[in-house]
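Right after this note come the structures.
Here subunit A shows up in two complexes: once beside subunit B, once beside subunit C.
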Partner chain A sequence: MYNVLEAENLCKSYLNKRALRGANLTIQQGRILGLLGPNGSGKTTFLKIAAGILHPSSGKLLIDGQEPGVYTKSIVSYLPDTEYLFKWMKIKDAVQYFKDFYSDFDEKKAFALLEFMKLDANSSVKSLSKGMKEKLKLTLVLSRKAKLYILDEPLGGVDPTAREKILDAIINNFSENSSMIITTHLVNDIERIFDEVAFISDGEIVLQGNAEELRLNKNKSIDELYREVFQ
Partner chain B sequence: MELEFDDKMPIYLQIMDRIKMDIATEKLKANDKLPSVREMATILKVNPNTLQRAYQELERLGIVYTQRGMGTFVGERKHMIDDLKQEMAKEVIDSFILRMKRLGFSEEEIIASISKNITEVNKHV
Partner chain C sequence: MFHLIKYELRGKLLTILGICLTVIIGNLFLMTKVDSWQIGAPVLSGFLGGGALVVICIASLTLMSDYLYDDQGYLLFTLPQSGVSIMASRLITAVIQISIVLIVSVSMFCLLDQGRLLNAILQQVEIRELLYFILMHLWTIVSTLTFMYFCMVVGRIALKGKKVGKIGSFIIFFLLSIARTGLSVAIANLFPQMVQIHSVTTMTMNVGSMIFDIVTFGILFMATSYLLEHKVDL
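So, the complex of A and B:
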């Protein structure tokens, strides 16, 4: 088992705010890691460094043994928690846009996933509800054949039925050759798909472990542990 | 297969228990094929690695066997059903006795309460 991602003593400051203060984290191949923490704990900053969008102030982060850059971007599929699709696009344009951008994009898979999500390729992006937009974004991100998928709040603001679809899509499309990091604060809905969980608080990883071992040793659900750590 | 999980306990143990239960009650019979790890993970909405672990543990215990490229099947070991029933009965009884003792019942009282209630429960089953 090799580590797809390794972060060592990772720090990031924005002017006078320290978003990450020496975060250490590893993810093995074939594992799904839940990065759990409240708003402002440093989750998104961490993910942005892994996605190659931000540079760390100090410390290091390696993906497949390399620092974030052109190579790592080609093997990392990132779902940001912000809007990045253009309003004028139809869904099929968004698919084309991804296909043009990423050589590992599987168009067939994208259309199969769209069908699974019950999205019409001819709908325009601006007509989509929040839940539908999340489903579309996830479809695009999962249709790449990446080594590491980074999903920032894939369940944010989505109703329970759409949540189930999204979870199903994640489980069905996860392969043992890839890894995933998923952030959320809706721990309860998603804890059963994590192999590992890492709790991040004030820019530091305060606890990382195998989800099943944590349940066994603490006699608590991951959701309960979360509440305990962040009370 | 529907399964309500208790997230306080390891998920793979709960999946193992459920499969053992289905074998003990003969919902699953010798040489029946279990759903693939992927299928089962989707049905139960759990991580495929968790399913893998449950299947591996069941195989280690000799309850299921794997055939390369074919899938996972229920074993046909002699007395397996009886053994599983005994094992599960013991768990139920142990936890029952423990809880009764915590409530302050003596051994005689526990036995008496079983005799008393068994006829009542019978009416409802």
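So, the complex of A and C:
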């Protein structure tokens, strides 16, 4: 198994703030990694650098052996925590948009997922609730056959029933040839799907390991471990 | 790139339609008054067309601004598209939408004017001049927007905040415009060679300034493309 993502001493500074302070992280093919940390710990900054929409101040991040750019964007499927779809779009337009731009997009899978999520392809994007928008974004992102999926708070603002649905969609659509990195505050809801976890605090990875081994060694759930690390 | 153009045009469809409808309805109203406002009606029609062009030009600028400052940027900048593709699609979209509004405005003016001005122009203008005007129309849109997009992108990178970035872009635009005009005038004085466009009138063009404008456009286009791909942080 090779490392799909490798980050070495990754730093990102803004004018008066250091968001990342030498973060080191690797993700192997076929693994789902949970990147966990409190607000402002640098999770989203890390993901945005991996998605190619933020540039590091120093350090190195490679995806499939390449720096973020046009190639990595073609193999990374990124779910941001923003409402980024055009307001004029209907759901079917959004599907067509992804089909037009990503050669790895599977239209059949997208419509199957829309059905699973109970979303009407003729609905307008702007008429959707927050939870429905989240489901739509996830549908689009998971309908790609990407090498790396990056999901930033996929359960944010979603009710518990929808959370289960979203988690099921993630598990059912994940392939062994891909890798996934997920950030969340709702550790308890999602920890069952993690193969690996990395705790990030103040821009540094303070603990990384196999989720099952951490549970056994510490005799705690990942949620309890999270609370202990960040108390 | 053509997909980018398709979605940008689709996104601005309502704006383009709205402007064109306003121009058409405005001119239809003026046509009902053309007997009593013999001079006023064509003048107002001209103003209406001019206003429509200003609005569509502003809409062309917001194309870039939306991507730089709003969440839509996440959609564009995560696509596997190069900076050159993004810039080229932006410019082609702008040319198309400005040309649509221009054609509608000119057509409505000609209908109102019953083709008098058009006939007068066509009788005096040579084919190569007509081609020159069309080329100049395209060149003006492309070079002006490239310059403005460059200022917007530099403002976005240098000054992170939305408000500060936009004001900064305007200041950068103002300063660079002065520098660019100064350089262009200096080059025109240094190399006074002219090309005559029209065989009868004295319509001319300075060769030095023209080369300077083309080189400046090339540099700004490539620089903006590079900055979009490698330096813009969302």
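The definition used in the following text is that the second predicted complex is superposed on the first by the 231 of 231 C-alpha atoms of A that agree within 3 Å, B and C clash if a C-alpha of one lies under 4 Å from a C-alpha of the other, contacts with A are read in each partner's own complex, and residues count from 1 in each chain.
Quick note on the criterion: contacts are C-beta pairs under 8 Å (C-beta built on N, C-alpha and C of every residue); 3 or more make two chains touch, one makes a residue touch a chain.
Just so it is clear, the model here is predicted, and its values are computed rather than measured.
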When subunit B and subunit C are modelled together on subunit A, clash or fit: fit
Subunit B versus subunit C as contact partner of A:172, first or second or both or neither: first
Partner chain in contact with A:222 - subunit B first, subunit C second, else both or neither: first
Subunit B versus subunit C as contact partner of A:88, first or second or both or neither: second
Which superposed partner A:119 touches (first subunit B, second subunit C, both, neither): neither
Partner chain in contact with A:194 - subunit B first, subunit C second, else both or neither: first
Which superposed partner A:23 touches (first subunit B, second subunit C, both, neither): neither
Partner chain(s) touched by A:36 [first = subunit B, second = subunit C, both, neither]: neither
Lowest C-alpha to C-alpha distance for subunit C against subunit B (Å): 27
Doubly contacted subunit A residues - partners subunit C and subunit B: none
Subunit A contact footprint on subunit C (complex, rising order): 3, 6-7, 10-11, 13-14, 71-75, 77-82, 160, 229-234
Residue numbers on subunit A that touch subunit C, as the complex places them: 14-15, 48, 51-55, 69-71, 73-74, 76, 78, 80, 82-86, 88, 97, 100-102
Subunit A partner contacts - residues on subunit B that touch it in the complex: 5, 7-12, 38, 41-42, 44-50, 53
Complex contacts: residues of subunit A adjacent to subunit B: 30-32, 164, 167-168, 171-172, 174, 176, 188, 191-195, 212-213, 215-216, 219-224
